């Protein structure tokens, strides 16, 4: 018989998702054609612009690993951003604003988790529903108007630096490190793999999949709260439609990053690559100024090409 | 295999764990009906019964995965409650489930200690070094030599079963439940497992063992409990019964376990002829011939490539070179072409490849025969219903109705549905990949009788089975595979277990 | 023979299938909404308003009916709205240039179908998850449409063509006839042909379906192409009803269509659902929006109410399913 | 010569912004400069326009002509442009903050007011009216609707039946109109906050075989065709073409150190059956106003 112990581990290169190849090609292309692309200021631009998406795509990775989805993220981001604006305007305190955003975000996340775990509603449906609710609430609390005049302390979050590194980048890096540690080095992270891979296994191990699932969605909501602070800081105002649709970008980043929608196979670094690829593409196209319609199609093409490359490689 | 400890006298000791009057109903099915069941320290307790008799259900109640509708538990004579898996674990109950409970993208060590990870220095983290060391130790005790940081997804079925065993062992359980643990194991691993069982028993661990294999029952068992239709029929000792008596208890009637066949005097014309077939899945230069009226065996060790041959013939895997001639004409391409030409594949994994688990029994039964039953392309629910009801009757599938969701049937009955769907399609060549895996003795003989009838009527069968004795009983002749190639051919008179093993082994 | 097998032989007692019961519940819900609206608003029960609701529901239904088939195979088509926009713009141009509505209709159906087919190719041959593939397609189509239209509006079509969307026949709007026709075709296709059965089987377990001899790739291509073609059809209705087309018309069409499919009881996991359910789903959604207009509820509340209804509908569906099983 | 002017508009889908872009292109061609267009891929997306500003600042165009997608939320973006010392002209919507060379726009309030007045006069000051609003909270919509309402106040004989949003979308306006016709047997006039919604409302009226006077805003080609055929009463001209021209002109003049006009608020023109001719020509062949004409426009 075949020797039991001989299990071929994949070559590390095999794990590189198509998006990494695309990313390298894009960077090479833009370096050659777009003046200023490689400048420090521009690279910092790309990274800062990617921070909000990073903070959503990382928890989205966890959620997708549980064979879930969170379509409400963009709408919740919008709502938390408004909450940050409204509360910090009323109290003149950035921290209270952040607290409000976190609270509302986590509440929505918990509701998502509750709908999915306890009521057993498919994640797509549950979060499509809460998307509508968050969007509606955004319109209602703001009456469709921008919220302006928020204190400077909020805005400074986005524009100040720490040891020469823009604060949003620091926040994104810390977030990445936290998620990395959480997923790969904690028991909770182990259970996230099990939530998607084999939920029964958790139950037999005496753990409550439902509570874990709610926690995962709640983390997603809370991250939308933190990202809401960044978003408000970035616009120096709250706006009732600002974040709509960003969840699809997050999902696309996760998908091209090599996380599959089945069986709990997730990869955080891939998600980060996906986010950066989207950022580089948008930035580079702005710099070389192709027609805007090309830009519209570009992210779609990125997704298709990256996954096409993945498909080619997995078949080879 | 000889076992060290003598069976305990049931009357002389208090049971370690006792279940009294357990009942459990599912919609439309009374899975358990006032079943009582006692486990004594250090015994191997065999649990037997037909498919759907309630064995797995009883064990799920025992380990807290299902809550019983009625009944009570006593641990060492004292009443206890088992309402969750955590309760059961506290009592030292561990289970090797019939369906795998592994997480694909975690490594072996994480799977073994899921929910019991050693704590690292930072709260919430895992002590990686300790978990690997612990896993290595557990794997060593069951004689499974593998790197514990291997991702489970990459393992074969047998290896996964070994991890499953390691996981249960690692809980240092006092009661270990094994639900058909050898169904996916090869001989070597089976031997390892039996040795392990002997060792555990010597340490005083009680083992509940569910199996459909008679040989195992007599080799391992200290005591036997038989279930039928959710009721406990009897408790006996192996020494006091014959296999035939046991089967009678399980099935309620006599079953001939030699699977009588009407061997044809003269084989018919060639139906399938495979020439120099090579495929990227690792098989090469396969030459096989199957004639009408024949059952041809395809044997070999697990991993020798039997399934791959079956899949390549059916068009489920691509073919690199070689030719498949079916019914006089060359055939190539996809499963739909093969199916339309009259080839049927009963795949080895019924859950992932054979059934739409959430659909009804009826829907699953007609799915392969749509084109044949409704040549006009127009589907008629009534006539589909009639066909499926006929099949349910013919195959004695235990289901409340054709409308029942197929995933709620017991494993054996699910297997019957997989076979049934190809009967409706009127195929000429049936390729069976482990058709009796997880099927009870009664059903097994029914299925073999069915295959016999099919080939007597002019069809042919190619049968893969890991149970050599079945091949010997029912096949006209057999090919033996080794490492992706045909290692030899055995005629009816040469067809013995020794010969199969000899040809199938390395450097024979 | 066991007791259980005996039961199996006696013919199944319930004559009505589970799906029929679920659709019945939905119709009941729709009637309930109607009753509430009739009490709250005098004008709700007028014939004109009822025809209105049907006509508005028809547009959502055309898109959602094709989508239903895709969802039945456990897929999703996020590009339907963008597909409607592109098809409408191209068809509009053809009608303008050639003056022939027929050519325009053919264009819309061909463009819509081709886009659908392309989605199918991505899902089958390239094995990209449908959710992602069609999201990519959505942006590619938007890019094409924006480029082609360059901010323009195409408007003003022959009166004959406009009858399709705004005309009446025996007192009923023509889209309502089309709705009935396609509801019939869709239901017959899904329930009464072997292709329909195969689609259900694929949605329930694609691997098992393939190994049961179903040509999965071809069926999936068919399903996506049908979904695209229905988007093309919807674009015709849109064109002839609004008498104009611009690049952004698709944006607000996709989510309501998905919502209609879900409210209609089709499961995103595939294998469960009906076209008729989707029709009722589209009806419920339209009724609610109609009611909010009639009662002059602020539009700020619309997303919230829609969200609640989607969740409620699916939850009730699951509840009632469990009970009747 | 040869300056590059980055032109920011809100979206690629609204015909109005196409007229702005063509105006900017025409003017740039006349003055031997180049334009680059920056348009969010998601219509009116605030984060995207902010990102585009950040990217463009790296690219350093000679000057920027800027339409904020949201007049309040884009202020940090404008400040970035200011920090990079790139001259910037504000067109269309007046930004709530930041430093601009000049502002060229139309006055949404008087546009709404004048267009509504025209319709109310046509109704001789009595009858039933509905308003179809644009996107809630957008600056243009708030001011236009305020204009509508003030015109209504001047006419006590007019009854406002409903004011419902159609989000500047044709289909939504059509459906809102259909629904409103059910609850209101007599509707004499429709005030729509843009042309697409006005045309949608007309289709709804046609479908129900009912008649009402309808006005829209923007002066798009389709509105002019509708006015020609007598279906639309009037459209308030927002003059996107001139905005694009003048914005670009001021940017280039500033670069060439020629005098610029700090503020031009274009007066509303009501396009009707009597005066549509000059508007009924293809965009590309329209001619930008000269600086002298602009000076006259700039005088309040």
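So that you can tell them apart, the chains are marked A, B, C and D in the order they are listed, and the count of residues begins at 1 in each.
One rule holds for everything that comes next: a residue touches a chain if its C-beta (ideal position, glycine included) is under 8 Å from a C-beta of that chain, and two chains touch if they have at least 3 such contacts.
What you are looking at is a predicted structure, and each value in this text was computed from that prediction instead of being measured.
Q: Please state whether A-C or A-B has more C-beta contact pairs across its interface.
A: Result of the comparison of A-C and A-B: A-C.
Q: Using C-alpha centroids, which chain lies at the maximum separation from chain B?
A: D
Q: Centroid of chain B to centroid of chain D, CA atoms only: how many Å?
A: 72
Q: How many angstrom lie between the centres of chain A and chain C, each centre taken as the mean Cα position?
A: 30
Q: Which integer distance in Å separates the CA centroid of chain A from that of chain B?
A: 43
Q: List the centre-to-centre spacing of chain A and chain D in whole Å, with centres computed as mean CA coordinates.
A: That pair's centroid distance is 35 Å.
Q: Any chance you could list the residues of chain A touching two or more other chains?
A: Within chain A, residues 139, 143-144, 291-293, 295-296, 299 contact more than one other chain.
Q: Can you tell me which residues of chain D touch two or more of the remaining chains?
A: 12, 41, 136
Q: Multi-chain contacts in chain C: which residues touch at least two other chains?
A: Where chain C meets two or more other chains at a single residue, that happens at 139, 142, 146, 269, 299-300.
Q: Touch graph of the chains shown: is it line, ring, star, complete or other?
A: other
Q: What are all the chain pairs that meet the touch criterion?
A: Result of the pairwise touch check is A-B, A-C, A-D, B-C, C-D.
Q: In the complex formed with chain A, which residues of chain C make contact?
A: Answer in residue numbers: 122, 126-129, 131-133, 135-140, 142-144, 146-147, 255, 258-259, 262, 267-269, 299-308, 310-311, 314-315, 318.
Q: Can you name the residues of chain D that touch chain C in the complex?
A: 11-15, 17-19, 21, 41, 43, 136, 162, 164-165, 167, 169-172, 174-176, 178-183, 196, 199-200, 203, 206-208, 220-222, 225
Q: Quick one: which bits of chain D touch chain A in the complex? Just the residue numbers, please.
A: These residues of chain D touch chain A: 12, 36-39, 41-42, 44-48, 50-52, 54-56, 58-60, 70-76, 96, 135-137.
Q: In the complex formed with chain B, which residues of chain A make contact?
A: It is residues 1-2, 4-5, 7-9, 181, 185-188, 190-191, 193-194, 197-198, 200-207, 263-266 of chain A that touch chain B.
Q: Going by the contact rule set out above, which residues of chain B touch chain A in the complex?
A: These residues of chain B touch chain A: 63, 65, 84-86, 89, 95, 97, 99-106, 110-111, 114-117, 120, 124-126, 128, 144-147, 150, 153-155, 158-159, 162, 186, 188-189, 301-303, 483, 506.
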